[in-house]
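After this come two complexes, each holding subunit A, first together with subunit B and then together with subunit C.
And now, the complex of A and B:
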């Protein structure tokens, strides 16, 4: 009786997972198929309809006409500086909040949490004037600084939880063994929290790559790939195949990163959720 | 090697006093065991030597140095943790070498020390494994090894055997003791297990609620407990206690509680006066069935509540005079069953009297 129930439950679970996956994947497959429609035939792609022939030309056209090489440069430069910077800062902040007792630590930590709660849109106007005063409008630095400051709120929260899941005796043993705070962090805690750090890196990269709003407000000639995509799709509204190809181009790097780090990503997500 | 001195040490966590005015001298090369129930302050006392907690008042000296303000790494101590605290990403070799590396020791010296410790602890074949590939007992040895390679002035051990199964615990107990005797490093060992304390320590320090109740060699602590707490904590099964009236009658000391009467010979009664009410305690191994009464105070009559068979001996829970509980030692083949009457007596010179209010020891009669 018990096994019947559990088998039924398992079946239901799988059905639910398949359903959710289908809902999530459906538009993506639609876009992928649409991107291969030959531009000149005048056939409009729709849903799951297979294109009459597979044509790579849309990708070439979109890349050239959409100035995606420029957008990609911005996105890559920003991510290359922003991801390591915010991960390192998150590790340092998380370490301090997880292991050190200092005056006002709780208040400061809640201030960081506040950064998680308040949406960027709410602070964008004063931010704009700040960035303008610093003379950073339409520069990589505007995006890097703002993205890092936004990301460390979550990063510190995340790394604090990861470090708190380490047995306190581990750090104490390192201190007795002669490690300074700095060494104990990099030699003991960071290797311990590697899955969580990898997950944070992937999430931060995804956030950075997907940055749209800040790029829209603060840049003109240094747009990120998603902002570039928005501008491109505004220009070519009727050419669905072309816009779809551009969308695939923009989404591809994240997809690759996720595929590479899939296993570590899952392990990191489960750290803290499952004991031991 | 060094002696360790606690000089009026107090540690408070907010409003809670974890350790209250502890003064204790641990001799160079001594193996001392801090024992007590949880919350007694024994682990706090250990962590204060390690520098993992800052003391509130007083002074701790390791050798000739006051270490109050020294960082753990500058105290020249090594610690074995209850959960071993092995670095999970490092191999056993790297675990052992880490502390030496941090001290910028040469590679050959590190290798030499690690291999020597590994041989000593019989873990040489595990050096390339990671902690998760080791059994509990092996991890425990690696944790010991990590302390050993450092060749520190003092070993600190925080319940290092509590995660092992009973058989391995007994075996490791004697190994640690043997190892310590061999290398002679001053060792402070914390446990809640009084059997561990009695079998391992040169001296035992019994603690309760942040206070050092008594310190002495194992025999003294067992035979001359300083107060009710120590008497009840040390010894298994535990000493039984009863509040009794004490009076001198015809030269004898007579202890009464309801219908229960114990008449202590004139020669054994303390010369000085006793308060009119005392706490009397007797260990189960000194409470024996009445045969010819030789060497016993009694006889006392009671009824058996339960019989606990331990293999080579048995203990009978007895209620005497309707309200006073005793645990009586008996042969394993005792015919007595629960509900049956029991005649028993107490070993002369083994009845402990304590002050009713201070609970301090008054006399042994």
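And now, the complex of A and C:
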């Protein structure tokens, strides 16, 4: 009797998790399939069954006429500069907070921590006029600078924790060797913290790729992929197939990164959530 | 909410007195070195210039009436007084409170329930399911919003399914997002969909860390599944709960992306939220001083909520 109930329970559990996963992916699979529907005809994707044919035309239209080739480039350029910059600054800052004592270090660290919960809405109004005064509206630089300055708060917090988990003997050895603080960081601590750095890199990329609010406020023509998608979806409300193709284009890079680095992603999101 | 992956830890750092079991002192070998300033400087200068400094500017700006072009006039606390008198602002916060049910309460309850059920048996291929469950959180809000515009469309899958089973009358003529009565709950369901997978996985991971001996002890005591849940699982997950609660509540307060894409605050003002009000006052209405004041107020509310929630939850846990 015991075995039958447990077998029933096993089946129920699998049904349950399959159901949950199905709910999670259904809307996403839905627009993936919708993107292959012919744009012009009256056949609209209802969410049940496959498209009449697998037609790439919507992707071509979105990429060329929808200007997604440009939006995509903006996102790539911003991420390519922003991610390394943010990660390096976070390593440097995290290193100092983890291993050095200097006047005011506690206060400065708490100021960074504060940045973890200051909502962008609180600074966006003056920022808009600051960026305008610097002549950076609608440039890559506006996004790069603002994204880095927002991301370092978390990055420093993250790297400090990573360096703090290094065995003190590691640093001790370097000090006895007479290594400079710079060498000790790059030769000893950075290799030690490689997994944490990889996780931070992946998460920073995700934040950059998914950033929407800043792009909406600061760009006009040089929109990032998500901002481009938002404006595209507003313009072509009736062309579900075409908008879906654009959405798939925007989702693809983050999806690929997520699948390749799923371990880092999960670790970052879960331990990042629970550490504190 | 901004999916804002890991940044989770933000939630618990503020106002938290929790002493984590750590074998390490706060500051390591604590070598006194001035060179520390040099390492911190690049990040701090950037951070201060584009976060702290604008915060000060924002506070200053919030005391002015300014259209963004002509010189502003000092109005003192007028913009803050609006917070209590302007029905549009009150409406936004009212909506956010309702959204919290979907963004915070329901995902937590659902996640807890599912985690409790699922954790009783080892699931093969959990990694695969975890990837699927994480997708709504990982993929850009704008993309998932586009997917849900389609979901809620009058010809979308939900409407089609309802018509198929003869319940076509339930489909609003403008779709769920275009209907005054259903738009806000529709946004809420979108949020629930985006959150529950994360809650489930976080709680599942947390349950795995609860020592099996506690469960065995509970079973020896003759506890049934429900008592076991309240006696062992729930207390074991209190830290995860705190994180999710604080995070999701402050995330909801700042909701913007999906509102912009799904409904633009509409129909009418049926889904307006504080962040959207700030954005539209800044760009569409030229009420810059008011937008700045609303931003500061939103921040103060976020600070207060984070602080109070962390304190309350920790006091609850200490009992």
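As a convention for this text, the second predicted complex is superposed on the first by the 240 of 276 C-alpha atoms of A that agree within 3 Å, B and C clash if a C-alpha of one lies under 4 Å from a C-alpha of the other, contacts with A are read in each partner's own complex, and residues count from 1 in each chain.
One rule holds in what follows: contacts are C-beta pairs under 8 Å (C-beta built on N, C-alpha and C of every residue); 3 or more make two chains touch, one makes a residue touch a chain.
Please read all numbers here as calculations on a predicted model, not as lab measurements.
After superposition onto subunit A, the modelled positions of subunit B and subunit C are compatible, with room for both. In the superposed pair of complexes, A:268 makes contact with subunit C only, with no contact to subunit B. One of subunit B and subunit C touches more residues of subunit A, and that partner is C.
By the touch criterion defined above, A:72 lies against neither subunit B nor subunit C after alignment on the C-alpha atoms of chain A.
Across the overlaid complexes, the C-alpha centre of subunit A sees subunit B and subunit C at an angle of 90°, to the nearest 10. Looking at the shared chain after the overlay, A:179 reaches subunit B, while subunit C stays out of its contact range. Residue contacts after overlaying the shared chain place A:169 against subunit B, while subunit C stays out of touching range. By the document's definition of touching, neither partner reaches A:218: not subunit B, not subunit C.
When the two structures are aligned on the shared chain, A:191 is found in touch with subunit B, with no touch to subunit C. Superposition on chain A leaves subunit B and subunit C with their closest Cα atoms 7 Å from each other.
On subunit A, the patch touched by subunit B and the patch touched by subunit C overlap at residues 172, 175. The residues of subunit A lying in touch with subunit C in their complex are 6, 9-10, 12-14, 16-18, 20-21, 23-28, 30-31, 34, 44-48, 89-90, 92-93, 95-102, 105, 108, 111-130, 145-146, 148-150, 152-158, 163-165, 168, 171-172, 175, 181, 199, 203, 206-207, 209-210, 212-213, 216-217, 225-227, 229-230, 233-234, 237, 240, 243-244, 246-247, 250-251, 254-255, 258-259, 262, 265-266, 268-270, 272-276.
Contact residues on subunit A toward subunit B in their complex (touch as defined above): 167, 169-170, 172-180, 183, 187-188, 191-192, 194. Of all residues in subunit B, only 50-52, 71-73, 77-79, 81-83, 85-89, 98-99, 102-103, 146, 150 touch subunit A in the complex they form. Remark: subunit C residues 2-14, 16, 18, 20, 24, 27-37, 39-40, 42-44, 46-52, 54-55, 57-58, 61, 68, 114, 117-118, 120-121, 123, 127, 129-151, 153, 155-157, 160-161, 193, 196-198, 200-202, 205-206, 239-240, 243-244, 247, 250, 253-254, 256-257, 260-261, 274-275, 278-279, 282-283, 288, 291-292, 294-296, 298-299, 302-303, 306 touch subunit A in the complex.
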